[in-house]
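Per-chain numbering from 1; labels A, B, C and D assigned in written order.
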C-alpha cells in the first residue's frame, strides 16, 4: 500500500496460485532466499487446506534485480512445475501501461489522470481513446495522447478494429472509464490484455438504460458501484471492488446519478490501483484481492 | 430522534400526504396554532412543486392533549378535506403494539427485544409468534408472551389462521424477524396492519435459498440487508432502510452469513424504530423517511 | 439536494433562527402564502420546545421573484420583528461568489473547481489566491483568475492586506482549500464574510505539524477530516461536516496522508455545497445542517 | 475469519515478531514443513525491509497436533533463537478463557455473551465480575457465573484484591465491558494477562465525565469508539479497532449516547474476536492486526 513516489527499485512481485499442496509456501520462500531476495510482504490465502486452492503474493527486495530477473524467472518456473501452479513474476519498478477508453462522462477518466499525476497509480498512460471529443483538451492538458474513434451506426466492427490497432502491443491493461459502447467477444480476444470496467449500482438490479432512474423509482436507500474484469458474460465478470453511498427520498434521479459518479470514480480507482500493483488474482469468476 | 425514555406526554404527530398544492403548509401550521399546539419538529418534502406530491410530518406539543385529541382530529379532517390529502394524527405517548414473527434465527428477534427493554423502541410487544420453540425461553425472560404456531406440510392455511387469530385486534404492526415462512396474500389482507420484513442482500440478486452462499460464489465485496413493507409482490415492497458490510475473499459463506446477521439486525431495528415513530410515509412503491 | 443544472429560477430560500416561540412556523408559512409563494421544501428544528432555539429553512417558488423580492424582504422583516429572530432571504438562482485560498496541495482546490465545472456547486469563483504558483496553470485552465500572493517571513500583514484588497466586495464567502498560512484575527474581521476551512484528522488529537505522521505513530485505525467555519479560536469553529476512512498497520504515514487527502476533498466539497445552498445555520459554536 | 462453529481441531497458530532479517519467512515455513504442518493462512508485514520490524501470523494444519505440540514448540524456540524473535504457538482448538468486568451498562456485556452463545467468539467465559448487580440475572441466564464485587469509597484496593483473587490462574485475558472503575497500575501487574478496554469517542477529545454531552456541545457530526489494550497510560494503550457513526444536529446528547452504545459494542466485539484468534500483535504503542 506504499505510495509510488517512494522507490520500488529492485522490488519484485511474485504471485502464485493453483491447487493447495503441502510445502508450497516453504518452496516459494526457499526459492526467494536462494535468489538473494528479502521478503517485504507476503499475503497468502487457501480456500480450504484439504483439496482447496492456494493463492499467494510475495514482494521481495533483491539488489540488482534487473540483471537477475531472467535467472529468477527460470528458477520460479522450475520450482513450481511439479506443483502445477500458475505464477507471474514482475519487476515492481516497471509501471504497467494502461489505456483508458471513455465516452462523454469525465468523472472516472479525470480521476484516473489526476491520481496518476499525483504519483498514486504505478502506471504509464500511453493513450486515452474516446468515441467523443469533449474530453480531448482535458486529457492532453495532462500530457497524454488522445485518440478519437467515433462509433456510429449498428456496425461497431470498424471502430473496434481501429481501437485494437491502437492498443496492440502498446498496453498491459485497458480501463473502461464509463465507456458506453458494448464490446464484442472478439474484441476481448484480440486485445489480449485484462480489461477493467466500472458499472453503476448492483447488478443484476436495474439492468439496461437509465439505471439511476430505475433505482430512484424503486426508492433505494443506497446506491453503489462495482468494478470488475470484463468477460464474455457482460457485466458478470469477476468483481474487484464495490462500494455504496447513502441516499434519501429527497434525492432526485439526477442527484443519484451525481452521487453515483463519486462512488464510481472511487471504486474504479481502487480497482485500477490494486490491479496495477498485482494485488488481484483472478480465479474462476472470483478475485482474491490482497489489498 | 429523541430517546423514548424522555417523556413524549402531550406530543402529537400529524402526517399528511397527497397532491402538492399552494398553501398546504400554511393550512396545517395554522391548524396547529389554533388548536394551541407548539410545533416541535416539522419535516416536509415535495416531489415537485408543480404537480408533484406533498409529504409532511409535524410533531407538536399540546397541553392536555388526550382531552383535546378528538376535537383536533375533527379539525384536521375538515381542514384537509378540500385538499384531498391522506392524514394520520397520533398521540406520541401511546406506544404502538408490535408483534414479532420469528423462526429459528434469533439475531433480529433478540435485538428488538433488547432495544425495547433499553427504552429505545416506542412500542409494546404483546407477543412473539414462532414456528419453532428454540427461542421461547429467551423471549419469556424478557417478560414477553411466546406462542408456538408450527407450520408443517404444504398447507399453511391452518397455521396462518391461528396467527391471524392471535394478532387480530391486538397489534398495530407486525415484524417478520427472519420468519422463514411465505405468507399468503390473504394473510396480509386479514391481518390488516403494516407488516415489516428484513431480507438478506440486494434483491433481485441471489434470490431463493442459500443467498449468502450465492453471494459468496459470486465473489461479492459487500453484503447487505434491506427492510421493507410486505406487499403481495414478495420482497418487492417499499424499502424502508438498507445497509451493507464489507467482506473479502477470505470470508467463507458461513462468515458472510454471520456478518449479514449483524447488518440485518441493525437495518431491521432502524426500520422498526422509524415506523413506530411515524417517520415513514408509504407512497406507491416508495417510502418517504423523515429519519 | 437538487442538482444545480436544473433551474432554480424564481426560487427563494428563507432561513430563520432564534428563541423558539409558539406560532412561529405558522407566521412564516402564512407570510409565504400571502406573498404568492409555494413551499418547495421546509426543514425545521427546535432544540427544545420549551425555552429552546428554533431553526428553519424554507425554499419557496414564487413567479417573478426578482421583482417581488424587495417587498417580500420588507414583509419578512416586519413579520419576524416581534419574535426577535435572525433571518436571511436569498434568491436561489443567484449563485454565491466563492474565493478559494490555496497553497501547494491541489487536491481540495481541483475538486472544487471540477465540481463547479460539472454544475454541482451553485457558486461563481471570481478568483483563486495562492501563496505558491504551482497550481496557476491548472486553475486558469478552468477559466478562473489566479492571483499569487507570496507569504514570506514572519510578518504576514502585507500579504493579508493584499488578499483583503482582492477579496473586498468581490466575494460572498472564502474557502481555505489546504491554505497553510495562519490568518490573523483582524483578517477575519476585515474580510467580513464566512470563511470555511478543512483540517486533517480529529482535533484536538495530532495538533501541529505532521499530523498524519502523529496519527500513524499512534497506530490509529481511522483517519478523518473536519470542515468548519473559521473563528478566532483556531480550528475550533463550528463544525459543518466530518468523515473518516479506514486504515491499517500496513499503511505508511505517507499512505495515511494520501488517503486523508481523499477524505478532505469530499468533506470540504460537501461543506461548501451545503453552505452555498444556505443549508447551514450557525448557532454559537454549533451548526444546524439541513442536508 | 472462519466461524468457530467449524472445527479448528489440529490447527496451530504461530505468531512471530522482532527485527526483520533475511531468510526469516523461509526459516519459519521450513520449520512448519518439517513438522508435517500444512499452512492454511499466512499474514506477514515488515515495517521496513531494511532495519524495520517483522510480524507474521501463520495458521497451519497438523494431524495429531496435541501430541506433537511440545516438540514443535521446542523446534520453534530453537529455530527462532538466532533471530532473537518473540513468538507464540497456540492450539487453535483450545479457546482462550475470557473474564468480563462490567458496571451497570449492559450493551457491551450482553453483546459479548450473545456472540459467544452463537459460537462466533472462540473463548470460554469463566466469569463476569461487576461492581453492580443489575446484570446478574441476564448473565446467569447465559449459564455464566456472575460475581458481585462492590467498589465503594475512595479506597479501591480491597475490591481490586478480590477481583485479582477471582481471576488468578483462571483467565487468559480480561475485557472491560464499560467497567467504570479506574484500575490501578498494580492491578495490571498482578492480573498478568492482557486487558482490553472500550472507550467512547475520540480521545483525547472529550476527556472525563459526560463525554457524549461534550461531543454534543461541540456539535460533532460523527461519534466513535475505540478498543485498546490497557496500559499504565490510561486510555492511551495500543489501539485494536475503531469505528464511527454519523449524527446530526437533531440528535440530543442522550441520542448520541444511545448511538455510541451500538458503535461501542461492535468495536469491542471485533477487538475481542481478533485478540481471541491471535490476530493482534502488540508492538510498542501500536498493534498489527491481521484481520
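Everything that follows uses one rule, which is that a contact is a pair of C-beta atoms (placed from the backbone, for glycine too) under 8 Å apart; a residue touches a chain by one contact, two chains touch by 3 or more.
In this text the structure is predicted, and so the values were computed from the model without any measurement.
Which pair, A-C or A-D, has more C-beta contacts?
Most contacts of the two pairs: A-D.
Of all chains present, which has the mean Cα position farthest from that of chain C?
The most distant chain relative to chain C turns out to be D.
Quick one: report the Å distance separating chain A from chain D, using the average Cα coordinate of each chain.
Those two chain centres are 36 Å apart.
Measuring centre to centre with CA averages, how many angstrom lie between chain C and chain D?
Using C-alpha averages as centres, the distance is 42 Å.
Which chain D residues reach two or more other chains?
Only 41, 45, 248, 250 qualify.
Which word fits the touch map of the chains here: line, ring, star, complete or other?
complete
Across the complex, what residues on chain A touch chain B?
45, 55, 202-205, 217-222, 224, 238-244, 248-250, 285-289, 291
Where on chain C does chain B make contact in their complex?
20, 22-26, 29-30, 32-33, 38-46, 49-50, 61
Flag every residue of chain A that touches chain C in the complex, lowest number first.
It comes out as residues 1-3, 5-6, 41, 107, 110, 114, 118, 120, 141, 248, 250-252, 254-255, 258, 262, 266.
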